[in-house]
Amino acid sequence: MKSINSKIINLKYGKGCKIIKPVNIYGSKFGNNVFVGPFVEIQNNTLIGDNTRIQSHSFICSNVTIGKNSFIGHGVMFTNDDLKKGKITRNSKFFKKTKIGNDVVIGSNSTLLPVTITSGTVIGAGSTVTKNINVKGIYAGSPAKLLRKI
Amino acid sequence: MKSINSKIINLKYGKGCKIIKPVNIYGSKFGNNVFVGPFVEIQNNTLIGDNTRIQSHSFICSNVTIGKNSFIGHGVMFTNDDLKKGKITRNSKFFKKTKIGNDVVIGSNSTLLPVTITSGTVIGAGSTVTKNINVKGIYAGSPAKLLRKI
Amino acid sequence: MKSINSKIINLKYGKGCKIIKPVNIYGSKFGNNVFVGPFVEIQNNTLIGDNTRIQSHSFICSNVTIGKNSFIGHGVMFTNDDLKKGKITRNSKFFKKTKIGNDVVIGSNSTLLPVTITSGTVIGAGSTVTKNINVKGIYAGSPAKLLRKI
């Protein structure tokens, strides 16, 4: 059996970034002042903007772009396969994309299908985001629905 | 880039406590016989009562008090910011409080907004608790609702 | 205080298995080519079939059997106590069983009560599975409901 350690490889980063280990990061690009808490996995082909915080226990999959000044809570899970076809895609060519804007807050334990979320949006803790969010507001629930515009 | 290890600092604890590392604990107070599973983060200004178990993958944020003989399942996320204002609070002065009684069971993967939960209450796995629970019973769902009194 | 490290003990495994540490595994049996991502806990009396993948942040409790070619997403929490009696069972004699078939996909951040899930089933991310699934299909939500047969 092959048993290997989590590690940080192929990571490009700006000034003032901080990571609390253990984490498993392979192939990401960070802006300046990015914070990553413990027990986080970040896959390749991801982009995390300036001043954005990825809190403990979160998982950022391939093809996720997160803007500046955003806050990804604890235990947030991103996905790049919407499972509608009834099976997972093992070929990375078919992975879907997620784009999170600037100043977005994703509450802890939320789950995100491959979506676009407009800047300034807030997702309440424990939500499941199943559709693109184009109107800035506060959303919560499973599936997440608009509580009010902001 | 600053890359530092998870650690246990500023922790006060009673007799018979047990922790499975890696964990990231900074500034908490444990009673006797507290158990903490692996991949757990516990922030400062928290109190965990005698015989309470915090299972793997859970996150206990600042301003959480948990009573005696309680069971916090796996992947349970506490929060101290209800996001209703449309942004997170970065000033700890404004963090809200959570108070969990004695003999409380929080099912795995549950999410708790800053609430009070009365002693003897059971929260089903995968729930999101959005309001104070003052009546002892079994609650489940997102948002969690009373299934029956006990 | 007793502070011990996560470890891999009493694990039987076939050919070609791969584990990304840190993990906490005690008493499991893997077939061939099983993959286990980082920050995973697997308890004793569990069985993971050939080619099945357990992704990061997941928790597999005692009495879980998973078939071949299945995919357990990130942050998936299994349970063996349905909490209906209003308290947890500390005696392993009373732990309930979970049986997952072959070619099953469990989306990330899903929660599973002790259930049986038939082969070929897909559970959408962020779902809570509260009942046995005997009809092959795509299920999602909390509680998980049939979206369509496949």
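Each chain gets a letter, A, B and C, in the order it is written, and its residues are counted from 1.
As a working rule, contacts are C-beta pairs under 8 Å (C-beta built on N, C-alpha and C of every residue); 3 or more make two chains touch, one makes a residue touch a chain.
Remember, predicted model here, so these are calculated numbers, not experimental data.
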Touch graph across the chains, line, ring, star, complete or other?
-> complete
With over half of the numbers shared counting as same, classify the subunit A/subunit B interface as same or different.
-> different
Where the CA atoms of subunit A average out and where those of subunit B average out, how many Å apart are those spots?
-> 23
Contacts with 2+ other chains: residues of subunit C | 22, 39, 57, 75, 109, 142
Contacts from subunit B onto subunit C in the complex sit at residues 8, 13, 17-22, 37-39, 55-57, 71, 73-75, 103, 105, 107-109, 120, 122, 124-126, 138, 141-142, 150
Where on subunit C does subunit B make contact in their complex?
-> 1-6, 22, 24, 39, 41, 57, 59, 61, 75, 77, 79, 83-84, 86-88, 109-111, 113, 128, 142
